Amino acid sequence: TSNTPENNAQVNTNTDASANPNAAPGQKVVIGFSAPAADHGWIAAITNNAKAQAAAYPDVEFKPVEAGADAAAQRAAISTLISQKPTVIVMLPHDGKELNSAGIEAMAAGIPVINLDRAFPSMAAYRLQIKGDNFGMGLAAGNYIAQQLKAKGVSAPIIGEIPGIDSLELTQERSEGFKNALAAHGFKVANRRPAEFTADSGQAAATALLQALPKMDALWNHDDDQGIGVLAAIKQANRSEFFMVGGAGSKQAIDAISADNSVLKATVTYSPSMASSAITLARLIGQGKGMSDLVELQVPKEITLASETITKDNASQYAKLGF
Amino acid sequence: MTIPAPRESSEDVVLRLTDVVKTFPGVRALDGVQLEVRAGEVHCLLGQNGAGKSTLIKTLAGVHHADGGEITWLGEPFAPATPQAAMRAGIATIYQELDLVDDLSIAENAFLGHEQTRFGFTKRRSTASRTKEILTRLGHGEIPPRQAVRSLPAAGKQIVSMARALSHDAKLIVMDEPSAVLAHDEVENLFRIIRELTAENIAVIYISHRLEEIREIGDRVTVLKDGRTTAANLPARTTPTRDLVSKMTGRTIEYVFPPRRTLEEKPPLLVVDGLTREHEFADVSLTVAPGEIVGIAGLVGSGRSELLETIFGARRPDSGTITLDGKRIRSLGTAVRKGMGMAPEERKSQALLLDEPIYKNMTLSSFSGFARAGFTDAAGERKAAERTADQLELRPRDVMRPVRTLSGGNQQKVVVGRWLLGDTRLLLLDEPTRGVDVGARAELYQVIQGLAENGVGVLLVSSEVPEVLGLSDRVLVMREGRMIREAPADQIDEDTVLDLVMAGSLMEGEPA
Amino acid sequence: MITETAPPEVQKRSQRRHIDDNVIRNLGLVGVLILLIVVGIITKPDLYSDPTWVKNNFLTILQQASAIGVVTVGMTFVIIGGGIDLSVGAIIALAGVWATTLATQSYGAAGMIFTALVVGICVGLVNGVLISYGKLVPFIATLAMLVAARGLAAQISGKQTQVSANTTINDIASTKLLGIPLLVWILALVVAAGWVLLNRTTFGRRTVAVGGNPEAARLAGINIKRHTLLLYALSGLCCGIAAIMLTSQATSAQAAMANLYELDAIAAAIIGGTLLSGGRGTIIGALFGVLVFSTITNLFAINNLSTEVQNMVKGGIIVLAVLIQQFRFRSVTQLLKR
Amino acid sequence: MITETAPPEVQKRSQRRHIDDNVIRNLGLVGVLILLIVVGIITKPDLYSDPTWVKNNFLTILQQASAIGVVTVGMTFVIIGGGIDLSVGAIIALAGVWATTLATQSYGAAGMIFTALVVGICVGLVNGVLISYGKLVPFIATLAMLVAARGLAAQISGKQTQVSANTTINDIASTKLLGIPLLVWILALVVAAGWVLLNRTTFGRRTVAVGGNPEAARLAGINIKRHTLLLYALSGLCCGIAAIMLTSQATSAQAAMANLYELDAIAAAIIGGTLLSGGRGTIIGALFGVLVFSTITNLFAINNLSTEVQNMVKGGIIVLAVLIQQFRFRSVTQLLKR
């Protein structure tokens, strides 16, 4: 999110072989990597994390291919990648369903696929799926908001929601989770203005939302990057009667939460650190190793990160994880 | 070819062109032009369509740059780099294609490019009042300078073009076919202005295809043919027409109408009854028989074009009926299907696909007829077009050429030719010879008459009264949207028509 | 010298008519705006019963229209001049990103504003050179620029959202003058300047000439190439201004900002009566076009319409707006002709 | 009946000349294509030394061009006919989504194809009616449709990516005929049909006439309203075909699919020599335009350029391509005229 260069805390630097036998250099692994072109901070962080994690292993050769602007372009890029026969492929697809066939194609060519974040519907399309929990993220945000409101004794709260790009399935899942959590407490969303994961669109959506809800009790904004604009809009409208929950867990958001000087009181994580984990696990899969803390000899098939709720109380713990 | 040397090498020669050459890719538009213009004279340029007249004046105006030869202006070598340079040197030009901006006001058009400004802001009031002065001088003080040019009819636009030329402090004013869109009285007005200008010792280069005009206003004539001067400084009033025409065309064409035929009585082909369109024309009734040429005379703005377009189905009448061969015409589609054709007034904007080849333009209304199951028959179309091109003596005869490369007269032939291809039974012609040179004009007359001989009915609109009288079997006179007179062509003369058209109010009681 | 002969009447009716074309068109748009507000009142009477809210809402609509409004003014000039500028959104992104690099921010607000404006003008000049001297079709030249400028913006920003740490810049969006947001003042200023430039200066009159009849403009001695160049530079300048406005609103800039502004600006200009083929258009109309769009967004927001319904309805409203406008246009013109 | 007149020398020469304008334009594009491939060979000699890879790569380029190529054929007709269609991407999305609802899928492949085509044609007809009978500017009418159709597509799909369970449909993308992908055959077929339609049928002639000079076309008895309607329906049909092709490639459809296809298709058509103002254009040129874009993408992919660099370079290549084309165009024409 920020334009401050700094050390990347999202990378696993625990590569000391004495403490961690898996860290010992093994056979060489070529990791092909494909993710959509970054148009906002989270995706940019994904690519950066993957690259940095790969660089931390001397036995890993990182082969990123640009996935272009849409699913079709990414399919073409994957075809090119397959023909170059990497040991494993880590892929964050434009759309899991649209690239399912590309996953199958790679697996059929004998290349294990690590499906990152946006899920392939077919189990045959991946060796490992590691993703965030979109539904759970909405759930976490909803639960936090409900608890706070209950604690304040608000009975019929007015709740706003600013999702990201509305045509994406992940947005639908988040909103679904949010709705479910609120419904459990008898609450509902009063107004929902989608933005586009960018700060300027966040500002525009928030301005419209604030205008539509002259009084509000709580607001969930799905993405901390667009949240920069959302917070700006709130400030410009001079509003402070509500509290806000963010999404993803950017550095900027975590700092603001711990500083506690704005309406932003919490954020629910959806961390791009999953890209680092994907690289680490891809290496293990490539070398045929398992996760050393587990009994299983191989890496499991599915990992879903839990969406954690960062508040003022635990912000210090997460500070280094903000992207 | 011998060119008569200038009779006197007086100092009052303001402009002299020697061996000027200008080539466009593939065309040598000017191929050794000699021209000498004196202060205070009206020097006429004569030449067939495509002879290079417009190219010549554009070279003078700094629009084109000569590839060879020499131009002296006021005794100095002259090679204007831009139109602005030419204007600053004192040469103002009224171009053939109207060069106005529809959405600017009359005053803004008059001063476009040399706006009166203060710190980049236009001085609107003084621009308007100066324009008003010029318009008044042009005899049109009633035109409001702040009105948009868009709302003016063609004649009004021509006046604005003149106003623009006069807005410069010019020593030479070049006029490229200024009279083409003007009606008779407007031309008289134009001549009055020209005489005032020359009285102030301003030189005028005047281009027109109408020989009578050159006789009336011109002092000397220079003739161009194929980009070359074939005769220079002929006396405008006394040089016999035969000589002028042969210098222009290399042939001797009699500038006369084909002999009148005798018509047999036939039931009418077209019957128009009580046709009315608000603000355009009212209660017009007329008939055209097969093989008959009916001419409509009238002033510019009298609503003739609108009448033709309405008969053709291109405009919806408020009331009245149009019947062709007993069948009601209610739409343009039926009109065309039933054998009606129209050559509209504005060739370029209303009739031609300039970048398409001649043959496709000729078959624009009949290509479906050539087609089989929706597939066009290019070879068939080309053959037919070639036949028509022969019939019309189209030059060049090559039907693959884009129409854009043809001269005005030949473009007009293409438009007329279009309706020779289908089985057209009624042809509506709106100003068919506007901008067409003497030679081509005579050919067009032949074609029109030939059509009539083959049984085609022709309804002709022309602002040139002699043309209406010479070509038609029957003449209708229209004024302010009403038919005020109908007579067989041999029972009405030019003066009567002009009286009717202009001093029409005196004739109000006259039977229609 | 001046002889007054009875002139033939070449000129007849209605000199009012031309001016009215535009006025009536704009009236049509005002009608559409009123209609949208009426729908708002009917659907949300509770909100509209609070005068403070109504005032705020009005200012919000204007404020949200401000950046795109500025861009539309530039776009209107380009279109009247016979061109089109597909790169406006990309120029904003590039100018915004450039103005918010750490290096630029170190020069303070003035440095940031200066950078945004210069970047805007320079990109506009490149467009102009490609089009007037390189003879590229405007659509293609500015499309290429769209792609390239967003690419460069991504490169410069490292695909990160660049936060503005400059409070002067960030405060622009929240400052009010005489109760009216500064951003709205900027829009008003740009619109006024645009109006004067178009209607009261040689530059504006020549723009109409260049777009309406380039051949005539050339024959009148206007340097069409240079003028075209200036038009794109003007559009670039407007983008630079808009970049600052947006950066201030979002307190940040990034390569994907002002996404699809080109379509919005072109649509607003056309709805406002600008001819896509050039030679005709009005600044006031363009402003109304922008306001129609921003009022639609506002109406959707207060009614909490879902994106998909929003889009369907929006398509319908656009069609309706143009039809209403046409309808009024024709009938009133007819009336005047009587 | 048929008289064979010996054509004069002049005729032959000028006959060639007229046709050559287009041929030379296309030659220019072929030159650009070759240049792109040469750059590919220079930058990736290892890949290009493998004949199988080269063949496959060639087919991949064609395959990637297939859907957008089909859309561009329709777009070319619309533009030649004096219009523009901004809604193509949205129509594809709507047709694709509609064809992949569970209900439609239950009718099998034929039902899905039928649905996509009918949806495409119908939306095209609505565009056409708005433009020819509603007298809306094409830009605005199809922009409104863009917004509305994507909205409807989102509504129908519930914003979910709809997976196609139909193997017949899904197999289209992987089937080869005579070693050439079926999708490429479809493109070839559409291009051939488009060429014949434009150059050999009365429909094509009317299209050129309506776009080149609508008034002349009308006065020649052509029903321009009906023809305009048909042009948009044709574009809609092409979108329907493309929807099936894309659905098969992605084995799914969703409301955001074919994003910004309108810009790509318009750009390809213009680069291929179609005049944005109507009346002139070629199908083969449009195809080359599409191929240039898809070859650029391929070149970037094999060189693994980062997106931001890609975009910057792409902007440059587009400009260069048009310049090369113009340059060749002029100089060769000059040569031929000698």
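Read from first to last, the chains carry the letters A, B, C and D; within each, the first residue is number 1.
By definition in this document, a residue touches a chain if its C-beta (ideal position, glycine included) is under 8 Å from a C-beta of that chain, and two chains touch if they have at least 3 such contacts.
As the structure is a prediction and not an experimental result, all values here were calculated from the model.
**Q** In terms of C-beta pairs in contact, which of B-C and A-D ranks higher?
**A** Pair with the higher count of C-beta contacts: B-C.
**Q** Just the number, please: Cα centre separation of subunit B and subunit D in whole Å.
**A** Taking the average C-alpha coordinate of subunit B and of subunit D, the gap between them is 43 Å.
**Q** Calculate how many whole Å lie between the centre of subunit A and the centre of subunit C, each centre taken as the average of the chain's C-alpha atoms.
**A** Comparing mean C-alpha positions, subunit C is 36 Å from subunit A.
**Q** Of all the residues in subunit C, which ones touch at least 2 other chains?
**A** Residues 154, 159, 255, 307 of subunit C touch two or more partner chains.
**Q** Mark out which residues of subunit A touch at least two other chains, giving numbers and ranges.
**A** 38, 166-167
**Q** Among all residues of subunit B, which ones touch two or more of the remaining chains?
**A** Expected reply: no residues.
**Q** So, with touch as defined above, which chain pairs make the list?
**A** A-C, A-D, B-C, B-D, C-D
**Q** State the interface residues of subunit A toward subunit D in the complex, per the touch definition above.
**A** These residues of subunit A touch subunit D: 37-38, 64-66, 68-73, 75-77, 79-80, 83, 95-101, 121, 166-169, 171-172.
**Q** If you look only at subunit C, which of its residues touch subunit D in the complex?
**A** Spelled out, the residues of subunit C in touch with subunit D are 86, 130, 134-137, 139-141, 143-152, 154-155, 159, 255, 263, 266-267, 270-271, 276-277, 307-316, 318-319, 322-323, 326.
**Q** Which subunit A residues qualify as touching subunit C in the complex?
**A** 1-4, 38-41, 43-44, 166-167, 190-194, 196-204, 207-209, 211-212, 214, 225, 228-229, 231-233, 235-236, 238, 252
**Q** For the complex, give me every residue of subunit C touching subunit A.
**A** Listed in rising order, the residues are 47, 50, 53, 56-57, 60, 63-64, 100-102, 154, 157-163, 170, 173-174, 246, 249-259, 297-298, 300-304, 306-307.
**Q** Subunit C touches which residues of subunit B in the complex?
**A** Those residues of subunit B that touch subunit C are 61, 63, 82-84, 87, 93, 95, 97, 99-104, 108, 112-115, 117, 120-122, 124, 133, 136-137, 139-144, 146-148, 150-153, 155-156, 159, 164, 183, 185-186, 189, 192, 196, 279, 299-301, 502.
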